[in-house]
Each structure stands twice: as structure tokens, then as C-alpha cells.
Amino acid sequence: MKRAFSVDELKQTAPRLAVERRAVRFQDVDAAGIVFYPRVLEYFSDAYMVALKERGIDLPGMIAGGAIKLPLVHAEADYLLPLRFGDAVEVAVLAPKLGDTSFTVGYRVTTAGGIAAVGQTVHVCIDGARFVPCPLPDDLRSALGAAAPDGGSGAAPR
Amino acid sequence: MKRAFSVDELKQTAPRLAVERRAVRFQDVDAAGIVFYPRVLEYFSDAYMVALKERGIDLPGMIAGGAIKLPLVHAEADYLLPLRFGDAVEVAVLAPKLGDTSFTVGYRVTTAGGIAAVGQTVHVCIDGARFVPCPLPDDLRSALGAAAPDGGSGAAPR
Amino acid sequence: MKRAFSVDELKQTAPRLAVERRAVRFQDVDAAGIVFYPRVLEYFSDAYMVALKERGIDLPGMIAGGAIKLPLVHAEADYLLPLRFGDAVEVAVLAPKLGDTSFTVGYRVTTAGGIAAVGQTVHVCIDGARFVPCPLPDDLRSALGAAAPDGGSGAAPR
Amino acid sequence: MKRAFSVDELKQTAPRLAVERRAVRFQDVDAAGIVFYPRVLEYFSDAYMVALKERGIDLPGMIAGGAIKLPLVHAEADYLLPLRFGDAVEVAVLAPKLGDTSFTVGYRVTTAGGIAAVGQTVHVCIDGARFVPCPLPDDLRSALGAAAPDGGSGAAPR
């Protein structure tokens, strides 16, 4: 499978949907004393939820309504620096790359020492009644696409 | 609020609904290197789910059906020994004390060194349509009550 | 065991160490669609950590140093209202009740509809070298005790 | 980055280190009613830990000893079928592909309806004193490599 974002893009891309600042929690680390790796994907998810909300996408309402679903079909992360309890991190949600019936969201987790992790998730749009892929609704498309002040393309050279 | 179980009862009561054996997971500990305290309540919950299933209570079906709900209104735990990554534990679900519209479930977590934790949860039975307390259904009552070979009373002297 | 706080105190007590505002996360709910009950104790823990940090208590440093430990020996929660994905909540850490070698922290989770949960945790101070209870260090005592603008009394004049 | 396993390999490869059978827990699902995607990586991690233990690798001891570390530098998953509360799943840890100083572990989660998810994690071996990559210790290499009865190569044609 070809990834929508290269690791270099994830490290360097500027436009972003949202940024969430948080600290590594007491319970986020594992018995080796560093962040348990699936927690970083929870950080991605939390920041993505913040991004949707800030862009006016009402995910709780969308779930209750059921007209479309946006299941995640792929997730990945690269871990570059260890994170420990108390470390302050900034989780950036990068401007998504939009396809017809799917989109890929990029993430970058930065700490005082540099980039600690990057990753991406792929979401498909499913018609809630017929359970087949469907085009991204316009409001979602514009909310995701108009993310960055400079045009919303997460991958364009700059 | 008066507790249905005293800590001594939780330590000593023999009859039990179910026992789940597990090991403390890599991600169950916190930055202090011992089990993060809410995880012990997850252990309680997991073992309770096993108990319901073993007793023939189909909780997924009950949730989907919606005729009754069994929300938890109180939970507590006493922590007696630290638990660390890899420790083998036995989580016992003690025979519940049944009221008319509620019941209290007791729990005991035992490790090689002795009793590591005890606790209890209080559940109320709610009519899913009218959102008022309702009597425990007979099948649930018998499933919970007939737990122990010697009569299922979690508190009786023996 | 006698609780340091009654449920009424937890509902009504004004002075508080810290308040954390958060929203119920996508993954905080369970298959019944409401917050999984141990998550509320995670909310307590997260807010307690914020309180310690705001009061100048360096818990990561304290753990690394190892001179004292502050294990939790009891935790409990009462659940008053269901919480759902997206609900905004305010988690208040109430001014602790301090003993010689232990302290009890109270918590109150409030949502738009009212008080959703209250609870308390009991922590003991342990000498990290000898593994016996020890008096609360003065800096911790003053950090926890000087919580509220009106004097740090968690419940009542004393 | 070139992946050690293709998705097709992850779906089809037979030799495996370990299999863990479990059910989707009450708290593993999210507000959309299906498994929260980072939980699947927790399933991977749990099964990997089981595999290490079954192969005689004492990870708690290794962590305490500190001579080598095995940090994870990449993780990914493809989600093929939704998983719901109560679904029985089988998590297979596939025979790793071993490099000089790193190895990739594959995973496959199967449910009654077929393959629900596949994934892989990349681990590097780090000298605990000098913090540089080091060759995989022989005991780890043989434990990981001798996985399958038919030779342990996760990628060999069959």
C-alpha cells in the first residue's frame, strides 16, 4: 500500500488542522517507563477529534444520525524519541489529503527535544444505509480541506 | 452510604460467581511502576463480564435490546499490595448481595503474596423505556443468586 | 472504614485545589454508550496530577528521587448522571483532609446537567527506604493544605 | 520506508510465534460502537508479550536488568472488519523477520467473519549502557526465530 504521506512530509509539512497541547499522563507510560506505543495513536485520535470540532464537524451528531460513517482502515506511527511522564507535547493534525471517498490525516508529535513521533490514519466514507463507499460530503470536504491559511494542501512544496 | 460488603467480608467470603486469571499487563502500570489504580476496577469489570457470560447472561444482547439497563452507581476498591508488570493475579467475583432493584458485587484480587485488592460495585436495574428503577428480572436474579455451590449468599457465615 | 468525606460533602464543598476542564473522549465510553466507570477515576487522577503540578509538587521528580512514595490505598466513586461522548465536564479536586501520615482527596465531576460523579482517594506517605508510613513532608502538606483562597478547609470549619 | 511484511503476507503467512484468544471487551469499543483503533495495537502488544513469555524471554527481568532495550520504532495496522463488544478474536503473532539489530513482528486478528485486522511492529535492539543499536542477543534471536514448527520464516514461500 502506498502511503499518502512520506515520513519526511510528516516531519516537515506546515499546514495543519489543529494543535493539541497536552502532557504525557501518569498512566500513559508502560513498564519500561516510556509511552506505551498505542497511546500515541490515542493522542492522534484525540487531536483529530479536536480538529473536527474546531472545524464545525459534529461527530457525536454524525454518529447518532448515521447517514454516513467514517471508519478508519489504516493507522501507523513512527516513534522517533521516547516520551516520559510529564513531558509536554504538542500534537499537530496536518492538513488531510483528500480522495474521492477517503482521506488521509497526518500527525506530528513534538516535544522539547524535537519530533517524537509522526503518523497517519486513513478514513473512508461509508453510506450508513447501504454500507458502500460514498463521496465525502461537501461540508466535511471543506472543513478538512480549508484547514491551512495557505491553502490546505498538506503536501505542497513551500 | 452503608456498604453491602465490609472489607473483611471481601477478604474472606468464599462463594464466588467467577474467577478470571490474568497477568498484569505491560501497559497496566503507571510511571511509579505499579498498577495504575483505575486499572484494578477494569479488572473487576472484566471479571464481572466473564461471570455474566458464564451464567448465561447475554449483556451485548441485553444492551442491544434495551428493555432494561444496569448502570453502575458506585464503585470502590481497597489496595493492599502493589502489583507489578507480569504478576499473575486471580480476580474473583464474589456472589452478589441482591436487593429489589439493585445488587452489589464484591471482588477480590489475589496474587502470590496474598490479597492485593478488594472492592465492590453497586448496580441498579432501570426500565429502559421509562427510566425508573425496576425489579431485577428473574433470569438475572437467578443467574446472580445461584452463583455458589453452597447457596450463593456472599455474606453468610460458613 | 469511615470515609473522610460524605457524599454530601463531596457535592457541596467549595474550596478546591484545582479544576480541570475536559470533554468525554470518543474512547471513554463503553459498549453501553456511556462513560466506562473506571474512566471517571482516571479523570480524578488526571486532575489530581494537575493539582500537584499547579501547587509546585514535582511528582515525576519525587518518583525518580524515591525518598517518599505516596501510594493510593483506597478509591471510590458515586455515579450520579450518565456521561456521553462529547460532554463537557469540569473535574474539581477538593481540598484534601490531611492526617499525620495520610490524606484524602475529594473530587466532583460537573456537567451541564449537574453533578455527574463524586469520589475520593486515600493516599499514604511511605518512607521510600524503610517502607513504613512516614509523616507528610512539610512542602507537600502546605501545598495540599493551602489549597483554597479561604483557608483550605475542605468541608467545614475545624 | 519499505515494510518487512506486505498486507498479503500478513493475511496468509502460516508460521506463528503465539496465538492469544480473547473477546472484545466492554471498554474496547468507542462511541461509534466498534473497537477503538488503538486498542487493536494493544491486542498486538498483549499477544507479543504472551509470545515472549512462552518462548522463555523474561521481559520484566530484561527491563529491570537494563543491559539491552527493545524500543518499538514503528507500528501499523490495517482494519478490515469492524469488531464489536463480545466478539471472539484470535490474535496471531507471526514469525518475525530478523535483521541484524532490529526485527519486525507481524500480527493477524481473526474473528468468525474472517480477518479483522493485520499489522506489524518494528523493534530495535539498543545497548542499555551506550544507547546505540546492538546485535540481537542470541537467546532472543533463537527464541524469535525458532518460532514455527516448519522453520520459523514468516516470509518464505509456501
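As written, the chains take the letters A, B, C and D, and residue 1 is the first residue of each chain.
The definition used in the following text is that a contact is a pair of C-beta atoms (placed from the backbone, for glycine too) under 8 Å apart; a residue touches a chain by one contact, two chains touch by 3 or more.
Quantities reported herein were computed from a predicted structural model and do not represent experimental measurements.
Taking the definition of touch as given, a chain qualifies here only if it contacts chain C and chain D alike; those chains are A, B. Two chain pairs, B-C and A-C, are compared here, and B-C has more C-beta pairs in contact (counted per touch definition above).
Greatest centre-to-centre distance from chain A is found for B, with centres as Cα means. Computed centre separation for the pair chain A/chain C is 31 angstrom, with centres defined by C-alpha atoms. Separating the centre of chain B from that of chain C, both taken as means of CA atoms, is a distance of 24 Å.
Those residues of chain C in touch with two or more other chains are numbered 26-27, 31-32, 36, 38-39, 42, 45, 60, 63, 84-86.
Those residues of chain C lying in contact with chain D across their complex are 26-27, 29-33, 36, 38-39, 84-86. Chain C makes touch with chain A in their complex at residues 25-27, 42, 45-46, 49, 59-60, 63, 84-86. Of all residues in chain D, those touching chain A in their complex are 1, 7, 31-32, 34, 36-39, 41-42, 45, 60, 63, 69, 71-80, 82, 121.
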